[in-house]
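Here the structure comes first, spelled out in structure tokens, and everything after it is commentary.
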Amino acid sequence: MASQKNGSLKHKLYSIIFEAETPAGRTFDILLLIIIVASVVVVSLESVVSLRRDHLHLFQALEWTFTILFTIEYFLRIYSSQKPLKYVFSFFGIIDFLAIIPTYLSLFVVGSQYLLVIRVFRLLRIARIFRLTRFVNEGKVLSKALSASLTKITVFLGVVVMMVIVVGTLMYVIEGRQSGYTSIPISIYWAIVTLTTVGFGDITPTTPLGQLLASCLMIMGYGIIAVPTGIVSVELSRADKLDATSRVCPNCHKEGHSSDAKYCDNCAYPLRGNT
Amino acid sequence: MASQKNGSLKHKLYSIIFEAETPAGRTFDILLLIIIVASVVVVSLESVVSLRRDHLHLFQALEWTFTILFTIEYFLRIYSSQKPLKYVFSFFGIIDFLAIIPTYLSLFVVGSQYLLVIRVFRLLRIARIFRLTRFVNEGKVLSKALSASLTKITVFLGVVVMMVIVVGTLMYVIEGRQSGYTSIPISIYWAIVTLTTVGFGDITPTTPLGQLLASCLMIMGYGIIAVPTGIVSVELSRADKLDATSRVCPNCHKEGHSSDAKYCDNCAYPLRGNT
Amino acid sequence: MASQKNGSLKHKLYSIIFEAETPAGRTFDILLLIIIVASVVVVSLESVVSLRRDHLHLFQALEWTFTILFTIEYFLRIYSSQKPLKYVFSFFGIIDFLAIIPTYLSLFVVGSQYLLVIRVFRLLRIARIFRLTRFVNEGKVLSKALSASLTKITVFLGVVVMMVIVVGTLMYVIEGRQSGYTSIPISIYWAIVTLTTVGFGDITPTTPLGQLLASCLMIMGYGIIAVPTGIVSVELSRADKLDATSRVCPNCHKEGHSSDAKYCDNCAYPLRGNT
Amino acid sequence: MASQKNGSLKHKLYSIIFEAETPAGRTFDILLLIIIVASVVVVSLESVVSLRRDHLHLFQALEWTFTILFTIEYFLRIYSSQKPLKYVFSFFGIIDFLAIIPTYLSLFVVGSQYLLVIRVFRLLRIARIFRLTRFVNEGKVLSKALSASLTKITVFLGVVVMMVIVVGTLMYVIEGRQSGYTSIPISIYWAIVTLTTVGFGDITPTTPLGQLLASCLMIMGYGIIAVPTGIVSVELSRADKLDATSRVCPNCHKEGHSSDAKYCDNCAYPLRGNT
């Protein structure tokens, strides 16, 4: 009987921590979201030298509060899981572990600034919360449209990469070291900065020929942005149409019949009227 | 009878000041538009040191002219309203009040430069005038399409914000203080400048690894602009289609007649009038 | 009879100079195109100090050659026109006059560098040649789509201008003179540079609050580019569809019936089959 | 019989080197891809002064390994071709020759840094491998859509070029030499940098009038990017639709059946197989 009670507690904890259907589950998710965001904000502000110098104790107190809260949550997750090991080695299990370990390690390993930065990846824990909400459907439509156009986008990126390498090399030859094009990799970096219309201005062409080539690259970069945009528009438009006409055949269960179809195009069974 | 005359005057004033159907109302709106724009231009130019020094008296004269005109208008609005209190505490009522109060306050509060800047928000008063014109329909189509794609755009912005925080933190670790990445917030600011392809160039990566990561961020920023563009295109296209397919033939039920069609183009049955 | 011969010569000249159907007309257009481009290139190169110093006589010789050629062409245009005065005061007549007058004026007016720059507007003469070619149809489709979406684009630009003025003023207050935001007009200029993702980097925010506001502005600028793109896509797509289904009613001559229409939707007259 | 064996060897080599259907052919392509990429990476890194100084012998050894491998491949390609001369003077034959000749020439011609840069064009050899894969279809759709909208894009680019020349010239007059607008070509270069929203910031306007004109140019550049994007979207969407509506019902002639439909969804008539 104690075991049953225990099992019931475990089940209740599981539904609160891992699910979002119950009011308690939703409250837990919102609390967790706030703590994660607060924790990332604290990590960010701690990196500002003047703030760290003036409020060192405050930062340390906050950091330990967050770490202890996340540690309790981590062990509750392990406890309430049906298969604790599966959770521990899952993607989110590892993220949860990485969210707490740097603070403990900082007690033993001295001066590990880079280690503490790992705490920013706590941010990825937010992804878990969003997995449970209505944003997922929209995310699915977007990622479906993106993956449907993946081959087209790969071709496009391939052409961009080739263009950038060829133009970067030409600029290295034309402009030379004195303008800042000190090597081919740097020149390729400049070509990416230019083609993507970012244009930092840390390296700029100074010879007429270099400026001419840069002008061509800029106009190309300005124009070819149209290609991925067009690809994604068409895919999203197609996904949108399929979504709008998701009629299912009652006989063979094939989906995606268009809104004016009278018969299933897979098994010729008559379809019911549009709704 | 005096009261009726008064009521009639109030009504007439109301239709001139708050509406745009009558010729007098239109003239009032155009005059108001010109005065608002002129007033904002004067506030802007007054901030230029050399102009302010040379033409101080001109600026003060203009400023008081605008303020007195807006004050008269404000009291006329209160007078002609059916429910003056409702107007005073409405959004536009508060904007109208904020448009006149800084100039009067500047008589009593000394050296309140920041207060005077509030006068630029007079610009928001233009929104009221546009509310009355044909631009509203177009604005509605745009804002409807934007709000329909709000969830998709939120997902997209969420991904962008996460990407920017993660890349910003990585750059802080990779580049370090000597390249200008002095803290995580500054590095995130740099990542936003880069991802949005603005590229000020006030902070730029100098290590090969930093330049590689920056290159990836730039190509991503260049590519993912396609996503919001695709989303808005699809929504606008859908709004456009809905607009076009709102008329149905009462005889054969064919949809999608254009707004100026008189007969069904499928069965020649006369269509009812446009709505 | 001499008059008839003269009229025939005039007519022949007219068809060569003003039209592009005959082989002679095409050859004339291509020659003119080359001379205009060459002339603009010479004006551009003449502005380079080192080139001007070394090749002054060459530039002067070329310039007078072009001017004399354009002068001959100008008088031939006047001579061959049916209504010479109408030509002289037409848009292209004035452009043609402006293309030759600066060189002659430079003989009398001393040191008129700015006057000579007018010669670059010879470039606008190219527009005349393109008016005669197949590029015109494409240009018409584009300009039709743009003018159809003009109201939407005006609303969009209005919102952009307001946003830029409000953010510019806020930045002037937040950042102040020491960061380069010396006046409200300069701050608005910076806001335009930022919102349009140009990002010169001549003025950049240095305070944390300014960088936060700048980040918001950049993300907005990155996102709202989707709006005009979506508008133009939808309009071009509509223009494309209309173009593809340009069926005309033989009874009332109404255009733009959709490809599956059986009856004219204006007068109910039966339409002929699709082609 | 030796000749037949020889012919069989030639044929086998041909299918391995020039085709990608057999497992051996695929393995060869993947190996070649890796070697080409490695070779380009080595050429790039060799241009970095510090790396070249420290690892000169390693670079030379790698370079000769790649060159010898490419030389063997080149002669195998000549040997296995049916028409060796046709291969040698084909586009890819010349690229293959240019990929190996600079290294040999560097033995005889002293200090030919620029010659070695030609080796980067080995990159173009990758295009051959992609020609054989499924990426080609996607590439065809993209290039078909681009070439279909070529006239529209030419009109657009023509307008952009004119705008850039006119604004560049105006900026040369307005800003003058002291702001960096030293000649008309430089000013046109600046106008391109600005219109394409790259914005290096090496040259920036400093006079109020110049900043006003620059603001107009930036807003235009920000807006007109919508035009090529819209053009390509419409063309891609059309290509997409053509792809989707290629199947017609032989009974009721309804078009637009999806590629996996077995029966007409309008009259339930069986459809013929996909092609």
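Every chain is named by a letter (A, B, C and D) in the order it is written, and numbering of its residues begins at 1.
Everything that follows uses one rule, which is that a contact is a pair of C-beta atoms (placed from the backbone, for glycine too) under 8 Å apart; a residue touches a chain by one contact, two chains touch by 3 or more.
A quick note: this is a predicted structure, and the numbers were derived from the prediction, not measured.
S.K.: Tell me which of A-C and C-D has more C-beta pairs in contact.
M.R.: Per the contact counts, C-D leads.
S.K.: What pair in B-C, B-D or A-C shares over half of its contact pairs, by residue number, with A-B?
M.R.: That interface is repeated by B-C.
S.K.: Can you check how far apart chain B and chain D are, centre to centre, with Cα atoms defining each centre and the answer in Å?
M.R.: Taking the average C-alpha coordinate of chain B and of chain D, the gap between them is 41 Å.
S.K.: Using Cα averages as centroids, what's the distance between chain A and chain D in whole Å?
M.R.: Going by mean C-alpha positions, chain A sits 29 Å from chain D.
S.K.: How many angstrom lie between the CA centroids of chain A and chain C, rounded to a whole number?
M.R.: Taking the average C-alpha coordinate of chain A and of chain C, the gap between them is 42 Å.
S.K.: Compute the distance, rounded to whole Å, between the mean C-alpha positions of chain C and chain D.
M.R.: Using C-alpha averages as centres, the distance is 30 Å.
S.K.: Of all residues in chain B, which are in touch with two or more distinct other chains?
M.R.: Touching at least two other chains: 185, 188, 197-201, 221, 225, 229, 231, 233, 237.
S.K.: In the complex formed with chain B, which residues of chain A make contact?
M.R.: My answer: residues 40, 43-45, 47-49, 114, 117, 120-121, 123-124, 126-127, 130, 134-135, 138-139, 141-142, 145-146, 153, 157, 160, 185-186, 188-189, 192-193, 195-202, 221, 225, 228-229, 231-233, 235-237, 240.
S.K.: Please name which positions on chain B make contact with chain D in the complex.
M.R.: These residues of chain B touch chain D: 197-201, 229, 233.
S.K.: Show me the residue ranges of chain C that touch chain B in the complex, using the header's touch definition.
M.R.: 151-152, 154-156, 158, 162, 165-166, 169, 172-173, 182-185, 188, 194, 197-201, 204, 208, 211-212, 214-215, 218-219, 221-223, 225-227, 229-231, 233-234, 237-238, 256-258, 260-268, 270-271
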